[in-house]
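Per-chain numbering from 1; labels A, B and C assigned in written order.
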Amino acid sequence: MNQFTKFENISTANALISKALEFKADPHMHPNKGQGKRLGLIFLNPSLRTRVSTQIAASNLGLESFVLNMDKDTWALEMHDGTLMNKNKVEHIKDAAGVLGSYFDILAIRAFPSLTNKQEDTSDFILKQFIQYSGVPVVSLESAVRHPLQSLADMVTIRENIPSGKKPKVVLSWAPHIKAIPHAVANSFAEWSMGCDYDLTITHPEGYELDEQFTQGADIQYNQNKALEDADFVYVKNWSAYNPYGKILAVDEDWLLTEKKLKKNKKAKVMHCLPVRRNLELGDDILDGPRSLVQAQAKNRIFAAQAVLDGILS
Amino acid sequence: MNQFTKFENISTANALISKALEFKADPHMHPNKGQGKRLGLIFLNPSLRTRVSTQIAASNLGLESFVLNMDKDTWALEMHDGTLMNKNKVEHIKDAAGVLGSYFDILAIRAFPSLTNKQEDTSDFILKQFIQYSGVPVVSLESAVRHPLQSLADMVTIRENIPSGKKPKVVLSWAPHIKAIPHAVANSFAEWSMGCDYDLTITHPEGYELDEQFTQGADIQYNQNKALEDADFVYVKNWSAYNPYGKILAVDEDWLLTEKKLKKNKKAKVMHCLPVRRNLELGDDILDGPRSLVQAQAKNRIFAAQAVLDGILS
Amino acid sequence: MNQFTKFENISTANALISKALEFKADPHMHPNKGQGKRLGLIFLNPSLRTRVSTQIAASNLGLESFVLNMDKDTWALEMHDGTLMNKNKVEHIKDAAGVLGSYFDILAIRAFPSLTNKQEDTSDFILKQFIQYSGVPVVSLESAVRHPLQSLADMVTIRENIPSGKKPKVVLSWAPHIKAIPHAVANSFAEWSMGCDYDLTITHPEGYELDEQFTQGADIQYNQNKALEDADFVYVKNWSAYNPYGKILAVDEDWLLTEKKLKKNKKAKVMHCLPVRRNLELGDDILDGPRSLVQAQAKNRIFAAQAVLDGILS
């Protein structure tokens, strides 16, 4: 494996899920796998869970990691070719990625979308330029379009909780938010759920349709209550509109998920990638009750990252 | 030891002081004590000395440490139960503490008081919630109410400089400042000095009385000159009023400590936790002269933290 | 070697260049040289390349490194003796340097000039005070006056590309910029180039003369085209005026370096310390073409720092 930026195929995904579960059982299984190698963690946006879980994963493999926060004005990167750099951008991504690629054996990069320039965002042009100019394996820590490490951790969590002998019904349920939120987690969750051959329903208010490349094959349902029927897993997540891009639309119905909405579905487990806005996206009753898998998902971020780094080091 | 948030009892304190002095003599006495374990250092407020000294202490024990600065707006924590999170707080302390507790074996937390909400501050509700929701041992790196690692380092420094065969007279002397400063260092110094059975005098302008739970048993003296007589150790520190809470009161007298005020007391050693406002709290003549123990205190922060981490790892 | 803040003499420089090239060939030649020792990296200004390359250099030697960013308002240092500290500066450099010197075996410090107070800047008073009060070896990570680690890396890069059997002609060529930029890189490049006995030409618009202590012995040339003739190495760099200090002067001619300006000089290699403003300081055609040594310079920062740390540890 020389890149980890999206779902590739079901056999790779299953191998990563199995490897993650092996690392969960024995995190120090390969303590010297990364010895003498270095991982650069490049953040163009803030991070807490992603940074720490990836650093712990690296440490479990004996891989030295370095964090670079480039989300401050002082290191604003110019992304466009041929620009006359006489504004506030101090360094071109070409030069920065080249240097970082010469300092590190693996780069892991977080680059959120602008939510204002749809063409640039959907081309994942920041991530792609890091890949192009760094010359080393790149792991996405959430790009404009996808958050594959989160989805891998989610798939590990589903695998741990899957009802035996059944293809699970997975529901991705839109939730309210006060800010315009990227599509990456929702896109990747859809991509991985269907890629892993789960039965996926996506429920959201009309107008919140995701990019079709990620939702083809899923059941789109505007009625949340109907979508929740018989669900084995409900993944709660906000995203902004894809069209008009990055906008928050007026929504009259109540999309907050609470126990009341699941009272007829005793078995459903509830997931969220965190951080979660309590009582806006998800009710306290669910988050503090036995349905919640959110802490398990967060813990599994370590082992998802470890499986990926192990694969790249192999 | 499963928690380090305050003075417990004299035998525990004496054991920690002795252990710290052992580590000072041989920092690498237990180089593998923390092997395979991880310490998360969570800062809700800035830190320099505390962060570095604790990281060095951890490293001396082979304990891997990770710093998380959560004092930026991007990770503002919601602290109150049942809140509808539709404002600027992005994550609830319940969820964050749960995740951090699942990533780390020990958490060390800095959480300053607001100095505006007395009830919340004096209940130490941030520290308590981290303890409640993280499920792992917690070390205070200064909470709203106490700064026990500083006080332990102070007690180590007093032990090193104590006049033999005598119960020392310790004076906590209020100093001027331009900002409203928390009570934590003063509270803890009083708690530990009396807990270690030293003769404590607290001197400050009228109106600057500390919370009585920390000062019972101490001699309160409004006349600084009188308080300084026969002092063995003078601990200089500013704090804001406890009542009215967090306010700066008008003070007419001169409370800056200089050599002139100590000219009749040749033996007194002078202490301060740093950072110190020179010539506002303490004169250059004292800080740059032989009375000053401030550098020794700062150095002892390493060994205080090392004794505490060693105790938790045992 | 007990300090690394400037060019000392040609034999020391040559030994460092050779050592850096040895480390480039075998970075893990001395993996335990720094064992049990600690390096504190103190940044009063932002850094990316310098921080990471120095941390990697330290790691290659088994030297543990800690980063302290003191460029935030919260830790603004008071630099002047005898000040009444009742303003926004929270700690005196005396106290901070003393503590840092007691925590670390080596300190490395970045302290940019103000560009407003010429006397303070040109006395390098921040760097000098860290040296005076810390009591441990100090490495400059760029001070107000010099950037010696950059220059050492530059000299390593020149050595790697030097035409055999010839004293190379080195040209330091001023470039446009939108901000007032320090003189440190230019000063040091002049100091090291002439110190290493290279033939140095400095070309810049009239008015941009550098401090004479660094330019004595160099050929000063106001005509860029003439300066570029027969150059073996062209080092492109902006700096603000030295007199009037820190100002940007109106310049009518075109000082951007492009292939067109070098069309008669096929052999010239082009250097820049990065970050570079593309198409303002240096054209894309040069940066993306075969003349450019900028990535090699950046990579050599690791081995320059490693040679210096190795020397201090010896």
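A few remarks follow.
The rule is short, and it goes like this: contacts are C-beta pairs under 8 Å (C-beta built on N, C-alpha and C of every residue); 3 or more make two chains touch, one makes a residue touch a chain.
Just so you know, these numbers come straight off a predicted model, no measurement behind them.
Think of chain B turning onto chain C: fitted on CA atoms, that turn is 120 degrees, to the nearest 5.
Because chain A and chain B carry the same sequence, their contact can be compared by residue number, and under half of the numbers here are used by both. Rounded to whole angstrom units, the spacing between the C-alpha centres of chain A and chain B is 40. Annotation for chain C: no residues touch two or more other chains. Those residues of chain C whose C-beta lies close enough to touch chain B in the complex are 36, 38, 40, 64, 66, 68, 70, 72, 74-75, 78, 81-87, 90-92, 94-96, 98-99, 102-103. For chain B in complex with chain C, the residues that touch the partner chain are 28, 46, 48-49, 52-53, 55-56, 59, 178, 274-280, 284, 287-288, 294-295, 298-299, 302.
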